[in-house]
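Below is one structure; the comments refer to it alone.
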């Protein structure tokens, strides 16, 4: 079972990365100015109170023990206690996780749907008006700040022609999809700007590969050559571009969720930062990083599915 | 029918004794009920869970008779025991509002529907305090049983039941069918959607995704008014906009500086330019409510005066200050920019620091600030609350976290609370107000009206003088 | 004639560890190594051209790179006039042994002009030279390899493959080395140009008295230029001899197969008899005995055990084949 | 006499439309940022309620915002601020990251392994999350923004350059330099660096676009440059509140960002062509 | 054996192929004419860049890049002019009647497709075989090109194969539909000599079995001598000499062919110096006037600078483009 071994391998490789992630998130909190206990107690707290709370939070321990405590908190799923919500961070994050995942998924699907036909068109008709048009469109799309594009889209598609909701997040699946169309579109356009470029150039490269000539020399029609031989091989580099970019997409949800009022991890991060809810920020940072790591893992698996050559190594 | 209301901030807690932020308070007022209520016009108190009450002539004994049909949402009757439990809890150690109820020294449960409270000495704001959200009556037995868990799924005697709470997203309420007021609420349920950005709220209302919103940016009031599908309301509320000055820090320990700052801000321009006229310039930290001191004149806009005061205080070389600005509110952002521009002219450089609105209070409370743009609203119709909150030190908030201290104010405060309601008590408030005005622990900005808007098919949606919105009279067509 | 060898390679081996995944490390799986050189011994005399031939992947380049100092061998030693090469400082070593690479397109820094390239070599190794002296020397070097100094301010892409190979040679000879390792210097060139470079190397060797290690897979070229030839297979030398001896009387079955596989450019001698089947075994797991045993038409049971020793069949002709040890040995027709 | 190399470069440049257009647009931008403020003589900070929300016209080309400030003056002033931030946030990480990538890739071994592990770990943190967390933790200020971006962005450069170095190390010209006995420093500086830096320079252009988006996003969220310093993201955030009756307030800063994006994308494409060696 | 004249399978007449456009335009093939008879192995030799690949690729319109305009001239295959066929009609011929194999077996197979599918694809396209039948036939083909354990190999990916094996697979793939002409563009250049020998043997054997005509492109004169019946020598985009293999090797009638043969390090023994051709092959973007070889030709006279490119018969079946062919003394 080479696939199973491959997965196992990748999982084992994750261990040091995960440790590193928690370590960085932990240190991030420790270097922040301000003392959580003072923040929680406010000026009501006497020095004794603060010391007591510090002990309660484990902040009087040596750094390495604090880190172990933090790991314990993660292991129990509580991630510590939120200052603003006065509740365990873990369940709060869990609740907010799903909108973000939906957003990322939906926008990725959208990006792929946009990318494949446009990139193929641009590559096959290289140098044509269509190619130039697609290129220009995506240069502009890439340069547009997501929040600005979002505002414009809301104005156009929610106010002038009210097709999609202004903001928020629905209850049923259908409602959610409806709510997520605009935010996903904003993300998808930015993603597609990258993937169209990458897919276009790899299609062009693959089109002049020897094995495509072999396929043509077999008498296959150009459509068959394109879909059976060119696309699959071109997708590989685009998958890795997409994989690298998901880190951006996930980060970008911070802005998009705030803009569209989606109750996901990103908007929670922004409000927690402003609220100086350090344990929450710490938990969110870890969550985000783990999400990225998992998505990278998925990308790798997708890569394996497309490219038989990497299976064994 | 469900009413969808857009609000700007989410509640933090459902525990009435642990809340001091408006979003929490407003939600609690929907799900809990109190013995008495302020009337809708903010001039007197009305019966709540108590159908009647009697105060002894010496002001030391209060006797309440509960309604026979007062029930919690789970169907249990509200009893005297619940009242005693809740008020004792509100006066307890853990309560942030303990001082409001500690004057009650003993309780007597006469029967299930009658409770008597005794005070050592007269305490005039007592009845008003019992109208506070923190005096909400909770089901004693259930709370004992559930402990803190109770607030995950709170049970109250108010018009609505909190069905679902997606933090940061929305609160969903259903009608409390056990509510004592006949035929109320008129709607089946309500949904408070948390939409931080003012603009999104307005757009969602326009797009019909919301039925009502509170906090319409003033610059949009006119354009919303011209929209036929909407009703726009402007409610005078007990509210004062201020810049808190942390007098425990330099240079705010110097009264001249504080006064100079008051002179340096062009409040008329703020009211005209930003509020679009929906408000008036403030004279002190107290809103325009009962016993307001009409003789006080606002600090005029006088840059020269400000400069000379600064010079006098030894800061002629310019000053660098930071101002905390709550995020989300457009008005605050605009005001902050305007203040910044104004102060620049007086030679004071201001750095703006945006901060999540819900953490504003705890930040200033912790004393980690120089100036903070903020406001106060009264939860009662009696000035006592805000005097205690914004002027007295030491008190609950130490003069709204400015740490300003005035012995005479403290003295008057003690006195006022023992004086029966009437003109004499009014005079005391007026003196307090003028002392605050002179001491200037704040930059007094303005008293703004609360703006709200609803779609035409919504009737009865309004904001009360205490800044909360009552939904029990709302109907949706 | 017992001339002292300039360079002596004794039992040199070089391995490349294959990367292991973390899981394999944790599971304590043994390291896998690729044995690129397995006990190679050779020597080079002053003024001599030693040809090294073999199929792709047999370790020819690795050997050349060990000599040039690009790899450090794990086992054995390389002696420079009896002194271990590893004791010589890098800069000194580079003044003795220089290298010309296979690919004329990647062996020149695409961002330096020819003049800069040659100048840099002189600047580093002869800091006492004035810039005018260096300029003169650059010009004379270019002339030496048959290029016009007028072209020296151009970037490499302006030159053809043959010209680039000339530039590489000029750069290597700028240090006046005693040994030139030429790793397939002509395999990327066309026949007509190839002949130019071969002639150039020949004349330079004669004029400057250098020794050349000439790595190639084209046996005709090796035969033309070398005094002695070593045949490599799977990291080992299987046969060495003076050129004419080797080509006239090849003794190892692999050498024989290799020779028979060269297409003769004569339509009247058609000999497309397939001499050896199959392809090179996986160098990660070479056969335990004779490396060629998997493809050898004369394989016997004895071939599959120990690696055969070198057999000296006289006149500096060494063969690593057990059949050479036995008396029944005969050259197959 | 012009050297053949210079001649070639000129020919290459004269055929490179992307680069020419990009440079032209960049020139225009710099001109606008430095000359407009002098030309139009509106103070980007002056609050004047009487002239609030004036639509674009002869007096105020881009209109005024809700506080009566001239939008054009603010867009230009914001351009200066944003470009300054971007320059620092891109250039410093470029230098640091490229150096680390160069040395690490060239030396290899344990140093390289450890460094790449660190990069892997940092790579797992989404850009915005890390930047927002750092800025949020240390407080929103320009200095902290420099710090946050630098801490995050160098990774990309290190990765890119290291990858290129690993490829270049296999190139025969690097090996030739080693055989020629050059010092490692010389090989890195003269032979490896010039041949690996092009992708990093090209990425630097793309990174300008990304950083502009990052900086303005932070501004938009209120975590970046603080008012009243004009900043494009902040301006858009302010303008969106009256988007219906003052569309110009957030339209123009948005267009400015798009303009910068297009400029640097073109420059990136152009430099890619221009710097890639022939053959 | 002069089969070419009677009934050629392929007749190429005045073929011209241009790449690029404007100032960068390159005439890669200029006025090339030759023909190939059924069952014949026809060699096309020349140095790198002389237009060998461009010639044979243009036969089935696989130029591997942007072509300036359709090739000029005519390509008659089996009675049909390929130049006039539409792209769609041409795909019916590719793979079915004319097949091609490429230089680098390592990159000529789709790395993400199983070998069996890659072979089967061609069969299903041209012979409408079911996937089961295509598989059967692929199995048979693999066996016939000497792939061991073909049942197992069918489901392998190209990276499981060595270079020689891949070239065998490519040959199987090319011959799947029993084409009449195989174009082999330097099929063994990337392989080791021992493997080259095996592959050439295989091609010749298959030719024997199926009367396949082969257009063999190579720059190795040894390979030509060992395999080809007739040869055309290309220089700078033009065919300078054609003839039977023996004619070319024994009586070369063009100075270029001669020089090429002389430049070979001969297997006959160590000579003191080789006889290289001085100079470098010309750039096709700006070729020399007249006979393109004249700047490097030891026999060049002024007339060569204006000489028109015409192939003249030297003897039956042997043509040369040299105007001084009479003085060469052959």
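A, B, C, D and E are the chain letters, set down in written order, and residue numbers restart from 1 in every chain.
In this text, a contact is a pair of C-beta atoms (placed from the backbone, for glycine too) under 8 Å apart; a residue touches a chain by one contact, two chains touch by 3 or more.
This structure is a prediction, so every number in the text was calculated from the model and none was measured.
Novice: Going only between touching chains, how few steps reach chain E from chain C?
Specialist: Each step joins two touching chains, and the minimum needed here is 1.
Novice: Which chains does chain A share as contact partners with chain C?
Specialist: Touching chain A and chain C alike, sorted by label: D, E.
Novice: Using CA atom means as chain centres, which chain is nearest the centre of all the protein shown?
Specialist: A
Novice: If I rank B-D and A-E by number of C-beta contact pairs, which comes first?
Specialist: A-E
Novice: CA centre of chain D versus CA centre of chain E: separation in Å?
Specialist: One centre to the other, that is 52 Å.
Novice: Chain B to chain E: how many Å between their CA centres?
Specialist: The mean C-alpha positions of chain B and chain E differ by 91 Å.
Novice: Distance between chain B and chain C based on Cα centroids, please, to the nearest Å.
Specialist: 89
Novice: Distance between chain A and chain B based on Cα centroids, please, to the nearest Å.
Specialist: Between these chains, centre-to-centre, one finds 40 Å.
Novice: Enumerate the residues of chain D that touch no fewer than two other chains.
Specialist: Within chain D, residues 139, 222-223, 240, 243-244 contact more than one other chain.
Novice: List, in ascending order, every residue of chain A touching at least 2 other chains.
Specialist: Residue numbers touching two or more other chains: 159, 258, 273-274.
Novice: Going by the touch rule set out above, which residues of chain E reach two or more other chains?
Specialist: Nothing qualifies.
Novice: Run through the chains and report each pair that touches.
Specialist: A-B, A-C, A-D, A-E, B-D, C-D, C-E
Novice: Can you check the complex and tell me which residues of chain E touch chain A?
Specialist: 60, 62, 64-65, 87-88, 91-96, 99-100, 102-104, 107-113, 121-122, 125-126, 157, 159, 170, 173-174, 176
Novice: Touching residues of chain E toward chain C in the complex: what are they?
Specialist: 47-48, 162-165, 192-198, 200-201, 204, 219-227, 245-246, 249-250, 259-261, 263-267, 269-271, 273-278, 280-281
Novice: Provide the residue numbers of chain D that touch chain A in the complex, in ascending order.
Specialist: Residues of chain D touching chain A: 117-118, 120-130, 132-134, 136-139, 209, 212-213, 216-217, 220-223, 232-233, 236-237, 240, 243-244, 250, 254, 257-262, 265-266.
Novice: Which residues of chain A touch chain B in the complex?
Specialist: The touching residues are 34, 38-39, 41-44, 84-86, 92, 95-96, 154, 158-159, 162, 165-169, 258-259, 261, 263, 267-268, 271, 273-277.
Novice: Where on chain B does chain A make contact in their complex?
Specialist: Going by the criterion above, the answer is residues 12-13, 166-169, 193-197, 200, 203-204, 206-209, 327, 354-356, 358-359, 362-363, 365-368, 398, 401.
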